[in-house]
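Just below sit the structures, each encoded as structure tokens.
The two complexes that follow have subunit A in common; it is paired with subunit B in the first and with subunit C in the second.
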Partner chain A sequence: MDITRFISTHRKLLLVGFLVLILIFIITLPLYAGKSDVRVLTTVLMYVVLAVSWAMFSGTTGYMSLAPAAFFGLGIYTMALLQKELPFFLIIPIGGLVSFAFALLVGLVTLRLKGIYFAIFTFGLVVFMTEIIQFLETRLWQRHGWQIIPIDNEILLYTIFGLVVVTVLATYFIRRSRYGLALLSIGGNEEAAEHMGINTTRTKVLIFAISSAFMGAAGVITAPGLIYVNANIAFSLFYSFMPILMAVFGGMGQLYGPIVGAVIFGYLEKTLRAQLYSYFMLGFGIILVAVILFLPNGIAGLVPTLQDKLGGVIQKLRKGGQAGQHADT
Partner chain B sequence: MPILEGQGVNKYFGGLAAVSNVDFHVDQGEILGLIGPNGAGKTTLFNLISAALPISSGEIRFKGQKLNGLKPHQICQMGVSRTFQETKVFANMPVFQNVLVGAFFGSPNRVSGADAAREASQALEFVGLSAMSATPIKDLTLVDQKRVEVARALATKPELLLLDELMAGLNPAEVSEAMELVTRIRDTGITIFMVEHVMKAIMGICERIMVLHHGEKIAEGTCNEVSCDKRVIDVYLGEETHAGS
Partner chain C sequence: MVERIPQLIIVGIFQGSVYGLLAMGLSLQYGVCRVLNITHGEFVMLGAVLTFTLSGLGINPLLAPVIIGPLMFVIGFVLQATLFRALKAWAPSPPAFEGNALLAAFGVMYIIQYIARIQWGGRLMPSYYLADIVSFLGMDFVKNQIVTFAIALALGVAVYLFLSRSRMGRAIRATAEDPGTAGLMGVNTNMILAFSFGLGALLAGTAGTLVSMRTAVSTSMGFSSTVIALIVVVLGGLGSVPGSFVAGILIGIVSMLVAGLWEPVLTVPVYYAMLMILLLVRPTGILGKK
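== the complex of A and B ==
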């Protein structure tokens, strides 16, 4: 009977306990699970980074970016080009920086565009990147794709988990800061935000670049698991659409929304793809349509509703019990 | 002494002169009313002052400093804040956060979190919405949303406040409340420049009135002077009388 009260009073403790459990699960997984499970978890965590960093920009400002693949692919190519020159752990921040700088440039030019025009431009950017890299490879470097030296699965798992922690912490602190408030106000009404003293252009471009840095770093860490990459693999639009689908499915109002969405969809994608080839996309499409129709705030939006309903039921039961007691006396 | 001055202000939309060669000034500490029929260029003039639109030619000065070429956020930080004819609230936030945005970013200096929160709650109290702090702004009535916009503008600590049709769509009791609010704001030392259609409000609280028609200034002066001006009666008040009869 006092479970609900216990949950509400010990909220922080429970949250910490839950996070510790996840930490233990991820760290110990390689000890008892097979190679393929480690790889599935690595992919899931990669999607967590992509979905959380996508929501960091698009979820707050309301600008629909279809460009995650461009910055993710840039990370993969940074790894491909530098793998023999520099140690892996140095390439990760470099990949992030390359994406950051490129996003800064793109953002300065395009963040004047509004609504659908911005979305279309970012979509075009991914296609453009694919074409230009292909052109460079065939004409300049006379090659098709790159071999990437594999790295131990466990190392990749722990590295991407480290990046997840950094990304989630960054999002957490941005959401709590005045910068987060400025981002939200742009999403609420950009013109009003501008008139309340916010330099909206600078704010938008900066968060676009920060979120892209995480995507780039994720690209570097993902590259070794792919073994072979070319422009079509690295800049696949799949990497643009999946994070969006995950963030929308999970709900962008809460920090954990995109994480939940990425874990569910990342796992389904990895496991179903092997059995159903590309038909699994059909199922994803149906789920996405259903979510948009029935759960506009995603899974995270379901929580307060459920709390209300459950709370109501519990209260009713309590009252019923008390009424029963009164009747007895 | 004028706090805001405009000289030969022009704004063209293609071939149409929305604001045409307007000279104006707002004196420190006064309430200046701006009236005119629909499409007279009142909101356009406000948009030129707050830099929502770039000025075509002419010059606007705030406390002697030229505003031409500045961005809206810079003008806000200089001390000119505004509300909007069509309310533009941050629909994704509760009331308090709406006002907090103004408190955080409206000042050229970095405001600490505690100071911003204090200013925001003071501004909300000033407009009488303290009880609504935590309410999602979408759940407020239009009247209250307009008051949140006023609180948000006040939280930026302006010296000049531009009110764009604050009283449109309000019932008589609410108009009286809004008039009282505007007077109280002026009494704190903030100069007010307001566009209004509600004549009772304009006549009741404005010290001076300026009349725009087809983008041109056709009259300026005290309430009595303006309401006796023949051109004003022809283009503006005349219509009202006919409509009334």
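== the complex of A and C ==
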């Protein structure tokens, strides 16, 4: 049977099969892999949530949010403050809601204006959060940082995987909806979108808040793995940088782009960061610049080009083969 | 408490002039090149750390800008002439260019910061210069505050005069307003863009030298400098060079009052409160035009 034809005719089936394989892999991993592998996978999945939710807003509308860490850290702190009062699974939506509300506030102040104000405002947001929380901690609570009661690694893995599924599904359905089209038209030409009757400010603020809610929820789930947090750990700039790099590298035009980027760099981060921190960050900076210069649509943008080129070659081969057959008969 | 206010205000003006200087560079870069250069603080860091290194070699910090300035200018010039020029040529629309340039600058920020960290490490470098005290009108000032104020003010005025009076300055303003028409009028716009970007970097590097005279510096100081510069630039009106200087002085006064009378940790949150109020009331900034 011709493999290329099989792929093109059974594309849906193959996709479902692939997803089922991933599902089985993630669910069964704790059975045969060591503790460290489970933690690596948990981190990778956390980055998937961050990168996908960053691209959900910034990839479609073109407004660059430079502060995923602010909303992620807010989730971590929600967990730190509420861990003794409420069960873990209740804190996750609360962390999401807290980030949602905060993003709504930030969005209402800045998203009425041109995109550049939004970028400026979000750039320092992480510093703002760090300093406010340091002030509250030293002055009101008289403490430095919080212990977080650890939770079983496998539970964390399954929870973050559940969040990945929810985030990806939400992005998928938003992209397909009227709302997603409105977002894309804002990214294309905001003035034209406004004239077509889209309430651009409301659309932007809402999607910004939704994407931040996922970041907050991811923060809640990540917190138990950190064991101890303070303002500098929770609001580390690193969590702002990585999702942006991942989404840009993977390509923001497709849903799977940020996921691919997050899997690659999440794995690299977990395995390399500890030993070679400075070189690691330097390398990532270079990769970010190179990708923006040479692959503006990321890895996902490369796929159609490759398909075109490969498709042409394959077709030529096939035609050649058929011609040969004809010649034989 | 109250009798300290005049002194705090004057020290705030001294400190604010440095903020103004570094914000002027950023404002120039955004106003002319349309690049929101979040690498700006890293140039401040380079200026500061290089000043410390040079003073270790026996070069007076007051002479350091003579070496550091041209170096920063070249780095900025090359960045604009290669990276941002290519991005501009390939971008489908001006907003897309601004977005891509922002992300590229984000990458460059990490490149510069971590090259510096690999070279110099993360330690604090005590680079104080002229740290003795003079009394003036019954108030005590540290000498370096007065020196940095004088240099920053002189440079600020020089840049303003250069932009408003000279032939080159007119070309820069024309390019900022309408690059297409400026090009048709015989302005070499690519050269002007690269020049403006380099000039911005030069101002940042010099501001770094001034910062290093007053505080201990380190390779991780760039980010907070960028945050201050960005806030100052918005307060002064995006793209307005004199506005940035005025807003810098305002921010300097506010920071000294907050740190001196209330709580040093809260300076950035107070800047943010100011920024929020301004964006709600008058997004074009204090001296910005519509």
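In the analysis below, the second predicted complex is superposed on the first by the 316 of 329 C-alpha atoms of A that agree within 3 Å, B and C clash if a C-alpha of one lies under 4 Å from a C-alpha of the other, contacts with A are read in each partner's own complex, and residues count from 1 in each chain.
In the analysis below, contacts are C-beta pairs under 8 Å (C-beta built on N, C-alpha and C of every residue); 3 or more make two chains touch, one makes a residue touch a chain.
The model shown is predicted, which means the values in this text are computed figures rather than measured ones.
A.B. asks: Please indicate which partner A:141 is in contact with in the superposed arrangement: first for subunit B, second for subunit C, both, or neither.
C.D. replies: Neither: A:141 stays clear of subunit B and subunit C.
A.B. asks: What is the contact status of A:173 with respect to subunit B (first) and subunit C (second): first, second, both, or neither?
C.D. replies: neither
A.B. asks: When the two structures are laid over each other on chain A, which of subunit B and subunit C touches more residues of subunit A?
C.D. replies: Per-residue touch count on subunit A favours C.
A.B. asks: Now for A:228: first (subunit B), second (subunit C), both, or neither, which partner does it touch?
C.D. replies: A:228 contacts neither subunit B nor subunit C.
A.B. asks: Applying the touch criterion given at the start, work out whether A:244 contacts subunit B, subunit C, both or neither, answering first, second, both or neither.
C.D. replies: second
A.B. asks: Who does A:127 touch here: subunit B (first), subunit C (second), both, or neither?
C.D. replies: Touch status of A:127: second partner only.
A.B. asks: Across the two complexes, what residues of subunit A are contacted by subunit B and by subunit C?
C.D. replies: Subunit A residues touching both partners: 189.
A.B. asks: Spell out the part of subunit C that touches subunit A in their complex, as residue ranges.
C.D. replies: Counting only subunit C, the residues touching subunit A are 30, 36, 38, 83, 86-87, 90, 93, 95-96, 98-100, 102-104, 106-111, 113-115, 117-118, 223-224, 226-227, 230-231, 233-234, 238, 263, 265-269, 271-272, 275-276, 279-280, 283.
A.B. asks: For a test of understanding, state which residues of subunit A touch subunit C in their complex under the given definition.
C.D. replies: For subunit A paired with subunit C, touching residues are 62, 64, 66, 109-110, 113, 115-117, 119-121, 123-124, 127-128, 131-132, 134-135, 138-139, 189-190, 237, 241, 244-245, 248, 278-279, 281-282, 284-289, 292-293, 296.
A.B. asks: Which residues of subunit B touch subunit A in their complex?
C.D. replies: Touching subunit A: residues 50, 52, 71-73, 76-77, 81-82, 84, 88-93, 97, 100-102, 104-107, 113, 116, 152, 156 of subunit B.
A.B. asks: In the complex of these two chains, what residues of subunit A are touching subunit B?
C.D. replies: 178, 181-182, 184-185, 187-189, 191-200
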